[in-house]
Amino acid sequence: MLKELALAFLLLLGVSFIVFAILYAAPGDQLNVLLEGQLPTPEVRAGVREALGVAQSWYGQYFSWLLGVLSGNFGTSIRTGLPVGPELLSVSLNTLYLTLGSMLVTLLIAIPIALYASARGHLVSISWPLTMLGYVISALPVFWLGYIAIYISIHWFNFFPLASLGRQSDVNGWLYTFVPVMVLGLGSGTISEVIRNLREEMTRVMAEDYVRTARAKGASVWRHAFKEGLLIPVTEIIAAKIPFILGGAVIVEQVFNWPGMGRMAWQAAQDRDFSVIMGIALIAATFVRLGSLLQRTICAAVNPQHARE
Amino acid sequence: MKHLTFILLLTMSLLSTIIGVSQAAESGKTARPQGGVLNYGEYGRPATLDPITSNEMISMRISELIFNGLVGINERQDVVPELAQSWDISKDNRGYTFKLRNDVTWHPKGTEKPVRFTANDVVFTYNIMMNPKTITPLKVRFEFIEKVEKVDDYTVRFTLKRPVLNALAKFSFKIIPKHGLKNPLYLTRDDPFVQQPIGTGPYMLKTITPDREIVMVANEHYFKGRPNIDQFVAKPFADQNILTQALTFNAIDMIVLVNPRSIAELQGDKRFILQPYNALSYSFFGYNLRNPLLADKRVRQAFGYALNRQEMLGSFFNNQGTIISGPFAPGSWAYNLDVQPFPYNPQKAIALLNEAGFKKGADGIMQKDGHKLELTLMVPIEKESEAVKRVVLAFQNYLKNVGASVKVEFKEWQSWKEDVFADHHFDIIYASWVFDDSADISSLFHSAEIGPWKNNFGAYSNPEVDSLIVESKLTLDHEKRRTINRKLHAMLADEAPYTFLWTLTNYSAYHKKIQHVAIHPYKFFSYADEWYIPVSAQKK
Amino acid sequence: MTAAITPPLLKIDNLRTYFYARSKHSFVRAVDGVSLEVGHSETVGVVGESGSGKSIAAMSVMGLISAGPGVIGGSIKFASHRVQKNLLEGLDKFVKVEEQHGRVMVVHKDDSGWQNASERIMGSLRGKEIAMIFQNPRASLNPYITVGEQLTEAIRLHTANKSPKESTERALYWLERVKIDSPRLRFDSYPSAMSGGMCQRAMIAMALSSEPSLLIADEPTTGLDATIQSKIVDLMEELKSETGISTLLISHDISVISRLADRVAVMYGGAVVEYGSAQLVLGEDASIKHPYTAALLASVPSEQKIRDKDNLQTIDGDVLDTINVPPGCRFFARCNQVTPEIKEKCATHHPDLREIAPGHQVRCWRFNG
Amino acid sequence: MKKYTQTSGEIGDFSQLPIWQKYALVDLLYVAYGLLIVALVLVSYVLGMFNLLPHDPQQINIELLMASPLSDGYLLGTDFLGRDILSRLIMGIQAYFLPGLLAISISLIVGVVLGVLSGYRGGRIETVIVYFTNLIDSFPRLVLILLVIAAFKPDIYYIMIVMGITGIPTVTTAIANKIRFLAQKSFIEAAIALGLRTRVIIMKHILWYNCRALLIIQATLGMGEAILLETSLSYLGFGVQEPVSSWGNMVQSGANYFLQGNFWPSTAPALAILFTILGFNLLGDGLNNILEDRRGR
């Protein structure tokens, strides 16, 4: 476990460094956002530099950032001048909420289909169309799916699924967040992969000798196949899919005006907003790492002997 | 769409712009119902909320609600007292002395008791603005001021370097409180003030939600009397289609700038009022005269003839604008109505090109002693750039028809600026000038303005034009200047350093429950304190 | 204890289990008309080369065949003091078999219907009335659940001991019963931590713990090394004498069969070729045996042979390909006792199982005069 | 009711059976459809390359903005600039074809190499590689790409290179696991015992016999992802830029009119994307089932 944590830490370090490298290698000036609306003549730039006092060697820049982070200070956004830390916190929680929600949706839909398909050959007739549906949905561009969802909810159900509305609105504010979560869960190409993946695993496990034993002794097959056939693959999928879903979040947040990390990232990427980008990359990577930590711990817990390696 | 918001000098008061005034406007300051909330949608999030560091429209609109200037501009374009109750101008036109109101208080800072507004604040604001460490687009605009001193608590005197025509209007810049800033010397974005500004204006900042929704509430002690509408809420949107839908779904009450493609949709909807207001901007194709192909005036004129501007305006902006012929803000006194824009006339274009020595090659592309007429058109990328795309691609097609091949190259905004203004690495650009409350075209075409990060990016130089510009600058006689500028207009129209396209009419759309809406072309919310919502409509 | 007095515990009649070779578009006739009886507290051994269909037969009894079309006909009558029923009761309506001169051409099968019905029948029996142990025990135990839990599960499912405490006691009792050393320790350990032999003992314990009337042991010793094998056999022998449980013992290993079985069925190519009491079928006298049995026996090392230094015989040719079954005797191709006079018949006609002595049937033209 | 039929007549050697009898019908259908799509893609690529199109995809027609399908001469109608949608769809393939292949080959080649190294060699190299893959996995792909193109320039090749790189870990881990699995089954020892050269073992026995299905799946998925990714980026304004047409920027520009009730301009390219990606996925599935000779599902 400790080793895992150490690795995670190393990885986060690596991530932050790579992002920094990209930012550093990028042409153009991260002060441009401040100079918007005026002609950034060399003199003006000099003035700005002086005002901000950012005249540092690259490693100086990186390490001062790193030290800051280690002491809990993520720096301030060059665009808004706000400290990045607190903003990042609220924003990343929103995104986390969106991500986990959509993950749930994906699984709730994918698992039954996958189990159906795997359970026994003769259920094919039922599971085939479902699988197809899964494939079709996940082959649609996610923002277009979002537009469809909005159009439908406006014209059929007469409500407008914007997160911002949900917050200030009445009892069932959750409905407003429901649509984006659905869209992200269905779209972004994940669901078909999840179905495929789970199906393969379950089928494999159903053919295992010990499942046959379970049948022979009149016990529930599912109960015996559960751990290897479902629990482990699902956790693996969750861990593996987090980065993708975070990516999809960028889009969904734009469409549904969701105050999340993805939108922030989009803005920051254009502004070259150093601290914000670094912060976001770090948080995102942390999510991913947490995911895989969770997965490993579950695997370990499920079967300490590591029966099948 | 993103504009080049550069600082040009051209005084408001001389702009007989159509200020949008809704039907109800005439009814004077009779008792109007108070209360109600106005949610307005913005495309994008404001960066800072103070008038000094903010450099995009969203922020400027907000600071218009929170702050006041010494003087204001009323709906009829006259300079009217605001924080200054009176002023007098010295004989030599260089001394401006303002008598300030003594009944103005700053928005309370937290629980502290409100502080009075005094001359110190004015001096302070000027100093902050001019401090080299303050990053603000305003600096350039106030270099004509030599110094400012406090006469007494309620009197300030500004001294100008040289007499300037209609200087008065320039004193509409927003005043910030001395006690407001953490750093008393200069203002940068890490000063808390830029996010928690306090002003003297009709509305005071209440909260900023995590989503950067800006909630502003009526200032009970506003010196012009409490504004009618209780709350203004600025809601940021990341997608213009959604923004429009939000209006039609009553999720918001107002869109400050309606996307051209949505106009038709909203026009049909009886619940809303589409109110036009002059954009104070015009779009153009600018040519890089460093390129020998474009150095020839006839080529540029040919391009002018090749475009069917009426068609573009018609089908891309359903005619919401006016085609222009010259470099001045349309409708301004300087604008020369005698000069006609190039008509759509491909034959003429081709003729001109031939005249300039171009012959159609085998591939249908004009060429002159071995040089093909191939040019790169640089366009900045934005997420919401449909209108831009349409125009530039149409341009490409029109020119193809007259045998000029244009390569459209989309560039990320910042690197586009680098290319155009620093490295001059382009042949043609498509852009718009936005005039703010004061503008002057001299910087665009004077040969002294050629060079990195100067406005004359196309390196257009013509001694005659230069001298005319200087002349018009120096003269204080209005009529004289007018004639000069008309000459200038005619000249530039003919020389065609730009192909001038049009000035678009902006539209604001709002729910018709909002009454007496007058919109300032540039600052937008200048008259917001007089807007109101009938009690019947206040409950949503 | 012959079947005549009381109905036998298990009576398999003309059981046919086919598989479908999709790639070859034809049937693998894994079990092709097998009939067997297992009397009360009797052990019947089924012996034959791998691929002779013996395991499939056993699985068919358990209703564990999932690949299609699976069981297509026959009857499996089960009669313990608690339950009497035909395990294929009413399943025939789910299959429609079209035959052309003795060869199955088309099978229509409503798999789901069959499966559900069969589950309904077997549900109450599996583990409770009929328990099964498999070859390759390590893989047959769930690697993710402790041995103890797997035992107690069976016990709680099928016996009166529902409470955790009782079931645990019971489980421990059985673990001791099958001679697992330090059962308390093993109770909490995972199969992966145990040796093959230990796992097989656990399997046996699990099977017997629900006190079934019939135990089906499918190659219980395969995949274990020799010493362990004999230990397991010892155990089974012991348990047999103690509990007197009736067993259907499937094995390719004559020595195992000969030690445990009261009666023996020899299977070849999906059919029983010889069936009778152990001493007759596995006895010395080769003259009253099916040639295949004889060959089988000849290929097994015994002290006798080793003493006489006569070398082991092998059966030439390969195991019968059950897709492409010849019209005549299935062993014909490999038979070394074909005499000119019967050669004709052997090649063309399939002999049926015929009683050559009381309780001893053989499927060979040599005895059908 | 399932039907199983015995091939009538003499049952002999079956390897001559036509494939449609050998394999599950579903799989064959999948593969057939997939191949059809691939063929279509190839054809339109060639068409695009030699500019054999119903209209000039760049030619705008201001009189006829967003014409509905089948309106004078425009089979699929026109877009927001009156350009022929069909021609632009066909042309759109150009945007993905080579870049997509580039992305796929990056992730496959590098992935395989690393996978083999870590699976076959193991030891310190393995730990390094594992770290590397984890590192890449820790980036949210889209954010990374956004960063790169915002920092440098929105060029489809940049996008695809990043995508290729981010695709590496999947392949690597898959291959490595496969090899470990084989090693477990003491397959590799056997091969070595047979005196096969390492190269042969890896190339032929490991990669070809045991990993081809896996690789094919990855490749097909990769193409699909490439298209979806470009679409997302187009929505953010960083995809393939006008006037070059890509399905992504077509959906995006069309979607501007979606909520106003004008569905077609975005639906047409969206469907193209849908059918193509579906094709790729099914092709992958089908081939996988057939190569593994599993019963079709």
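Order of writing sets the labels: A, B, C and D. Residues in every chain begin at 1.
Methods note: a contact is a pair of C-beta atoms (placed from the backbone, for glycine too) under 8 Å apart; a residue touches a chain by one contact, two chains touch by 3 or more.
From a predicted model like this one, the values you see are computed outputs, not experimental measurements.
Undergrad: So which chains count as neighbours of both subunit A and subunit D?
TA: Chains touching both subunit A and subunit D: B, C.
Undergrad: Taking each chain's centre as the average of its Cα atoms, which is closest to the average over all protein Cα atoms shown?
TA: A
Undergrad: Given the contact rule stated at the top, which pair of chains has the most C-beta pairs in contact?
TA: A-D
Undergrad: Farthest from subunit C in C-alpha centre terms, which chain would that be?
TA: B
Undergrad: How many Å are there between the centre of subunit B and the centre of subunit C, using C-alpha atoms for each centre?
TA: 92
Undergrad: Taking the mean of the C-alpha atoms as each chain's centre, how many Å separate subunit C from subunit D?
TA: From the centre of subunit C to the centre of subunit D is 50 Å.
Undergrad: Between subunit A and subunit B, what's the gap in Å when you average each chain's C-alpha atoms?
TA: The separation of the two C-alpha centroids amounts to 40 Å.
Undergrad: Would you mind listing the residues of subunit C that make contact with two or more other chains?
TA: In subunit C, residues 68, 111 touch at least two other chains, as defined above.
Undergrad: Out of subunit D, which residues touch more than one other chain, so two or more?
TA: 2, 150, 235-236, 255, 258-259, 295
Undergrad: Among all residues of subunit A, which ones touch two or more of the remaining chains?
TA: In subunit A, the residues touching two or more other chains are 27-28, 121-122, 147, 150, 154, 254, 266, 270, 272.
Undergrad: I'd like to see which chains touch which, written out pair by pair.
TA: Touch list across chains, by label: A-B, A-C, A-D, B-D, C-D.
Undergrad: Along subunit C, where are the residues that touch subunit D in the complex?
TA: The contact residues of subunit C facing subunit D are 18, 20-27, 68-69, 100, 103-111, 323-324.
Undergrad: Residues of subunit B touching subunit D in their complex?
TA: Residues 240-242, 244-245, 261-262, 265, 308, 311-312, 315, 381-386, 389-390, 393-394, 396-397, 408, 410-412, 415 of subunit B touch subunit D in their complex.
Undergrad: Looking at the complex, which residues from subunit C come into contact with subunit A?
TA: Touch residues, subunit C against subunit A: 62, 64, 66-68, 111-112, 115, 123, 125-128, 131-132, 134, 136, 139-145, 153-154, 157-158, 190-193, 203, 206-207, 210.
Undergrad: Mind listing the subunit B positions that touch subunit A in their complex?
TA: Those in contact with subunit A are residues 5-7, 45, 47-48, 53, 55-56, 132-135, 137, 139-140, 186, 188-191, 194-195, 209-213, 235-239, 241-242, 245-246, 249, 251, 412-415, 417-418, 421, 452-455.
Undergrad: For the complex, which residues does subunit A have touching subunit D?
TA: Against subunit D, subunit A makes touches at 7, 10-12, 14-15, 18-19, 22-23, 25-28, 117, 121-122, 124, 127-128, 135-136, 139-144, 147-148, 150-151, 154, 188-189, 192-193, 196, 199, 240, 242-244, 246-248, 250-251, 254, 262, 265-266, 269-270, 272, 277, 280-281, 284-285, 288-289, 292, 309.
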